[in-house]
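For clarity, chains are labelled A, B, C and D in written order, and residue numbers in each chain start from 1.
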């Protein structure tokens, strides 16, 4: 394992310290329990939007704390859900009297820990569960689908609504809508290495890829031979489109997300190929996002997310945001 | 070689197309010869700032085209300097009557091609050469030092001055000053793979790192055993400080740059460790930048850049910028 | 049965888990995200470090401290699940008046019931519940039937082992392995393995007293 | 000597370079950035593709087309260097009136001088100049001394080889390898190797006519 690291035990703390110091105008970090808040207080009566999850997906979620997006983020250990005390401490710090909206990716661990937090909290709270990964079959008898990159989109949109005065209920409804309007799927060319494990989570042959991989290196739909960018893009889009069923002239946001170890140039190739395919299908790309936003440590790979837009969602996408990893309009 | 790619021949074109489409509000791409301009015309009398170099360092330079930074970028093939026809076509497109400032990294190929462009051009032009890599010994008898990550800082600062009405001469002087005020050094944990080569540029043992590596995977000062983040940071900083000689209470910008394959968490660990070391030396970090800005394809590694600040440079750093990869204040 | 029993068992469990660490790590790499062993090891270490604090506490307070430590120190599914187990055990009435085997079993069964509620998983879903539920049932019935405690411990060890092995051929419907669908078949569930080892260790401590 | 001579040689050079591609690639990986072979191969391919266009052109126009193609199609150091070589060769006066060996050598020497000026490298700096300059000097002197052309070609081949080999023990002071300082020693310069092969090929074509 080659990493910029001093010890597995201090990995998270040092990284958070660096993050806090580099962006002290935007965020403040608290430790034991670990959570990140905006450096400036928000106005009374604003719904507090809090997300969290295992670390290793940076910039998600800490990089999205700031004006127009999250009020706080709770980073767990690498790939492990944060614990209730983190969520409770964060909530106490940022709840402004209008309640707390939790944005939680659909994993057993995250759900249980966030649920325990809600139960232990005194104030009002709601939860938006993201489950956009179409690689996994959806079912109410099982844990269902994983929450992956669309979480970024949900956080932006809900964050904007909360900033503009939306109520807890409205934020919850909009968050659920954006999640329902979104589908994602990813592919990995290499594994990631959890610091504590000191070795790759899985092994891939020199010509293999994991198709439908999860953001923790969980196996996907199948192990496959590496294909051309166009073929991969095509297969990812097909799975997403089969699920989302966008109609002729539906407006969408096309989000090409890097898993951490793939260069931007390649993400733009995927974007180009996806655009050709979507143009052909008369799906209208009206908003775009390309970059490493929901990563899996140093994994080489990428995912595509489509989000169906309507005027409300588009407006909230365009509104000003000022976080460490996403910033426009201010 | 595992990449999102359709063929080595279309790699650059498709990537540029995706880039142009994803950021059409900011940039426009032209092909054969390839160059990128802002999508909106700039005001008459503004100095045009143009940079360029081999591809493979994205977001540099195309990601820095936009308000407050570059007017155009000329991407060469992967790791190969662009050719004069690109620079000439770009200059013709963006020269607004106040001349063209070329920002060129100090490599023989780049210098020769940019020099030929200047000679073939009719309008006025100046060149700022960046050579911030302290891993290489400086000498007037040799090619001297390489231009690496500080190029990003130079582009931001000079871009701001040009935007605010600085003359060609003033831009050239400020660019040279920022370059002289900057020192960088990097380390690689893994090689990059040039698409056309289909195999890694160099091989590193499982416990080895290349200390002082270049941004094209050129060998550095030495091959070394992997060390702790703190030791690596310390050695990088020592080399830079020996060169830059910041004095007590000097104000600096600390830029931790990822080479493309290293996750953000680790860059923040380097930032944290660097801050501790610099605090100790009473060097004052007043501005920060952390992320993948000057990369080497998928190389795992990072570099540190220090830039000594004064009021003028700091003001230009803070001014509004609106590019695909760097955006604030608007 | 006092807090020394808790610490003693934590230390025994630490040794057993460490001895089987590679296997457990591999199980979670195969059908999960590979962190289960580290979560469990971190949890046990934190509990053992509590020794100086909980040594002098009442049983309910000690269990609560352990629960909070596990809950906050592990994170992930295991943190919530094992944390809930201990938190609920502490809630059984009058445990500070002394604990006999009957009460201990009652506590454990209560804890398992709470774990079942928070995780919403039942037997057959390829989780630690395939170990916890059968063992809790076996112990409860044993107490009802007033079975000999040593025999009952041996039964529990067997139940745990059976439940753990049963997960191998199940298709996961809860937890991270559920994302794999059919492909989760053929692998033992990591949480089932770690729970089984812990239960075995505690039962053997009792057998050896 | 007409444009067919250029195309014929380009094709011969393509074969020779392809045969030595792995070696050249390795050389630039060792002390450069590994792209030299691709730059050269791309350049040759582009020149050969020019055949239908330059076939009917005058020599000066053909050379200019080739120069522009190399300049714009290769990029990197090689693009500027080889582009300059051809651009300058085209500038020698009266070449459209017919080219004899003397004029051809004059053209080449002129080109090399321009390359020397743009690259600011002289003999001993571990670049292609260690091949180009000695060969140009040898040819110029040969013409002055009115040497037999075939013998002169053999001399040039030897000079090129000697120059190429000499780069091995030099410390690079120009080009990308200069960043290596002492560590550049022990490797032949890729540009020196590719130029040497090209010169050898052209000389052999002349020897075989």
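Here is the rule we go by: a contact is a pair of C-beta atoms (placed from the backbone, for glycine too) under 8 Å apart; a residue touches a chain by one contact, two chains touch by 3 or more.
All values reported here derive from a predicted model rather than from experimental measurement.
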Trace the shortest chain of touching neighbours from chain C to chain D and give its length in steps. 3
Farthest chain from chain B, going by mean C-alpha coordinates, please. C
Give, as an integer number of Å, the spacing between the C-alpha centres of chain C and chain A. 32
Taking each chain's centre as the mean of its CA atoms, chain B sits from chain C at a distance in Å of 54
Distance from the mean Cα position of chain B to that of chain A, given in whole angstrom: 29
Using the definition of touching given at the top, classify the network of chains in this structure as line, ring, star, complete or other. line
Listed by label, touching pairs are A-B, A-C, B-D
Note: in the complex, chain C contacts chain A through residues 25, 29, 31-35, 38-39, 42, 68, 71-81, 83-84, 118-119, 172-176, 178-181, 183
So in the complex, the part of chain B that touches chain A is made up of which residues? 2-6, 11-12, 14-19, 21-23, 55-56, 58-59, 63, 189-190, 206-207, 209, 226, 228-230, 232-233, 254, 256, 260-273, 275, 285, 288-290, 292, 295, 297-298, 300, 302, 327-330
Using the touch definition up top, name the residues of chain B that touch chain D in the complex. 33, 54, 76-86, 107-109, 112-113, 115-116, 133, 135-137, 139, 141-146, 194, 196-197, 201-202, 214, 216-219
